[in-house]
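Order of writing sets the labels: A, B and C. Residues in every chain begin at 1.
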Amino acid sequence: MNVTVRSGRGSLSERAPLGVFARLRPWLGILPFAIFVSAFLLWPSFSVFRSALQPVEGSTKPAMLEAISGQYLSSILFSMRMSAITAILGMVIGTLVAIAVVSLDRMRGLRNLMVGYSAVAANLGGIPLAFAFVASLGMQGLYTKMLSVIGINLTDMGFKISDFSGIVIVYLYFQIPLMTLVMLPAVDGLKSTLREAAANLGASSRQYWKSVGIPLLTPSLLGGFLLLFANAFSAYATAYALSSRGSRLVSVQIRFYLQGNTITGKSNLGYALAAWMIIVMVVAMSGYLGLRRVSERWRR
Amino acid sequence: MKTQQQVLKFSAARKSFGDVVALAGFDLEIAKGELVTLLGPSGCGKTTALRIAAGFEQPDSGTVELHGLDITNQPAHKRNMGMVFQNYSLFPHMNVTENVGFGLKVRGKEPAEREMLAIAAIDRVRLNGLGNRYPHQLSGGQQQRVALARALVFEPQVLLLDEPLSALDAKVRAELRDEIRLLQSEVGVATIFVTHDQDEALSISDRICIMKDGHVQQIGTPRDVYLHPANAFVARFVGAMNEIEINVSASSIASIGELQLDLQVSNISGPTAKMLLRPDAVSICQPGTQGSLNATVVGQHFSGATTMVRLRLDHNDTVVSALLVSRAVTVVEGEVIGVLLNTFEAIIERGND
Amino acid sequence: MKRNNAWAKYLLLAVGAFYALPMLAMARFSFQKVPVIKLGWSTLFKNWTIQPMIDSVTSDRFLEAGWLSLRLAFLSVLLSLLILVPTTVYVHVRLMKARAFVELLSTLPFVVPPIALVVGISSAMRSTIPSFLSSPFSLVPFYVVIALPFTFRSLDVGLNSIDLKTLVEASRSLGAGWMRTVSLVILPNIKAGVVSASFLTFAVVLGEYTVASLLLKFTLPAYLAEAQGNNPQGTFTVGLLLIVVTALLLGVTNRITRGKSQVVSTIGI
């Protein structure tokens, strides 16, 4: 019997490998987009760093190093503390809301309502939100008055909406829904089969949460924390609207360094603070994105 | 016959969800080492029965006993049964070894012993060396093997399989099916297997329990159920069935056209009774042979060793299928041929008027 | 398995109240001309009026700011779509390898806080192309950048949710050229993505304060900052209006994408 086997030797008419040009040509299609982003995002950002690395008038140190010493450092740390606190509170409450929404899965309407409003609230901020809270808990606030009627006098307690605790409460208005939206997919991912499998293998409710539930939620919890931290850290408008002049938050202070900039000569300091802000944001957002990738892998 | 030790017993278990009766008076006993399949279409109650055994549902009435002890109200995590779900049951944040060892961990075994037993179980399901992989790095078939290892490693008293193959590709399904059976009989654990696929049921079960709308239709060995179906539903559900209209005369004589059938029919008379006949009970011969019906070949379906030949009976244009050994088939489409019906195990049912 | 869900209902009630109460207080302040001190059961229903609101919305400053904000919003939506739709379609059809890169660029705006962005803009452009920044419409490209995460994600999700490859091959095999394939086959199928991208961009622009105020452009949020001194109630009604419009835009976005198993991220990430 005659058996013919053909070998896979390429013939001469096989195409020569594409030149570098031909392989790069398709990328021209995204060039307009890349140019746009470079011009209107990357260029300003590099400018920030360029100015930040110049020294402040009357000194030889680059402004960025100056910015993390003494009083300037304290405002960066103040912002970070404020951001961390709103992030932790937002993380805890937002996660509980997500769990609550998923556990009430028979009440679809409730879930849609909460998710829908969370989508709105997570994007609210700035001046309108500040207005709403001033009307609620400010000196002439509706609830300030109502609370004093039942004996809780906020003004006497030294509470001011423009103070630390006041700003924390206002920030929570968008931090909580943001965390809810981040955690919902993760909580959904705790499918009932996992719970049943764990029970079948002998795990009690507590053991399930300890060995399965919480570990599975942890990347999203941490990621959410970082996202909320970044979100609070970069906020400007809300803080400005509430407390402008006296604010110890970095974002608001940058503005004042750059307002009368030519007079004070401290403008590079403003740029330095902005540069440090960007660095903090890069670290926080990278952490968030990395953790999110882990939890998405598990949900495949 | 050796007496078999009864492991699991359902007694008159009933379960309703709102108005829907999912399970109506379910009785079943399963012996050690036995693989019983619950087979039926969606909504027949098979999954409900399984979940009652596992403890994820409580029956409205009736009991479940394990080795004679009433476990009806025992919580799921105390039942010491192993379960394999259809999918999504491996813990995504643990690797294979950790997944398999989970049941041992919960039972307080030491890490060293856990790892040893887990690795042995992983080897048993032929996943040697994949202990460090994570579920998302495994194929569907591999994931189900891990689930199997995980369910068996702590030597459960009952193994519960909830359509474990339904989410897999056909080829993987067939492979895994046989492996499950092999493993199960090696280990010798009482097993309930739930499926809607009758091929699976026929090939691996010691006994099959066929269900419909919450009621048990028949419980028997695969041979019993195939060759002696208890009713028309079972006959149609398990294996293929020809359906031929027959006439039953007043004197209980069944016939198709001129041909009298060698059948005893009681309680039914009239022109619209139906006879259900397996394709392997139909054969061909020269046209005009005594006792045969005339028919025309309308198609052949070659499956390797066997060929299904489709024949249109002259009598009333009914199409019947004959399952023949391929070597014996030499017909062509359009050919006129004789059809012989072996009515030995036919089922008669009243037709729809 | 029985679960006790009472806690869930109480929690959602409490959080829902937290969300609703500030808005209610804002509405009360806006529409009731009774100072809080004098507020009591007897005065609860007195002096509700929309006069301050009318004063506000008819004022020159409001009209100027509102008109600018509207134009900026529309232009930003237009520019966003003009840049992003061709880019995302191109990537999905022709160069999936570039998707990660485009996604990265689209997520970058998140790491540059608006305050940092605006100081960078000043630094970069004030000296080199000063005339550019003098026009209020110079805000448009920056708004496109700020809304980039939202627009990219909306379009990307939309393109992912249709079997693009098959549709394109079917269209081409039926004889349609690229232009027709894009306009007759691809675009109609990503309508939801385009609409949600537009609405999200619109909402972002209307509410943006940081960049606008530091570049001294008089948009709606800037109006709010300015006018709260002389007509607090009226200004608050405008703030409320802004919130309602944002809620509508985001709410509609949520609804149109919900049914299609596309979960468009309304947080851009």
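Just so it is clear, a contact is a pair of C-beta atoms (placed from the backbone, for glycine too) under 8 Å apart; a residue touches a chain by one contact, two chains touch by 3 or more.
It should be emphasised that the depicted structure is a prediction, and the values quoted were computed from it without experimental measurement.
Of all chain pairs, the one linked by the most C-beta contacts is A-C. Taking each chain's centre as the mean of its CA atoms, C is the chain most distant from chain B. Distance from per-chain Cα centroids to the pooled protein Cα centroid is smallest for A. Our note on geometry: chain B versus chain C, Cα centroid distance of 57 Å, whole angstroms. Separating the CA-averaged centres of chain A and chain C is a span of 17 Å.
Here the spacing of chain A and chain B, counted between their Cα centres, is 53 Å.
Looking at chain A, residues 196, 199 sit in touch with two or more other chains.
Across the assembly, chain C contributes 1 as residues in contact with two or more other chains.
With touch defined as above, residues shared between interfaces to two or more other chains in chain B number as follows: 56, 76.
The residues of chain B lying in touch with chain A in their complex are 54-56, 75-83, 85, 87-93, 102-103, 105-107, 136, 147, 150-151, 154, 160.
Every residue of chain A that touches chain C in the complex is listed here, in rising order: 26-27, 29-30, 32-34, 36-37, 39-48, 50-51, 93, 96-97, 99-101, 103-104, 110, 112, 114-117, 119-129, 131-133, 135-136, 140-145, 172-173, 176-178, 181-182, 195-196, 199, 227, 230, 233-237, 240-241, 251, 254-255, 258, 270-271, 274-275, 277-278, 281-282, 285, 288-289.
Of all residues in chain A, only 191, 193-194, 196-204, 207, 211-212, 215-216, 297-300 touch chain B in the complex they form. Within the complex formed with chain A, the residues of chain C that make contact are 1, 3, 5, 7-9, 11-12, 15-16, 18-19, 21-26, 28-30, 35-37, 39, 83-84, 86-87, 90-91, 94-95, 98, 101-102, 105, 107-117, 119-125, 141-142, 144-145, 148, 203-204, 207-210, 214, 221, 224-225, 228, 235-236, 239-240, 242-243, 246-247, 250-251, 253-255, 258, 265-267, 269.
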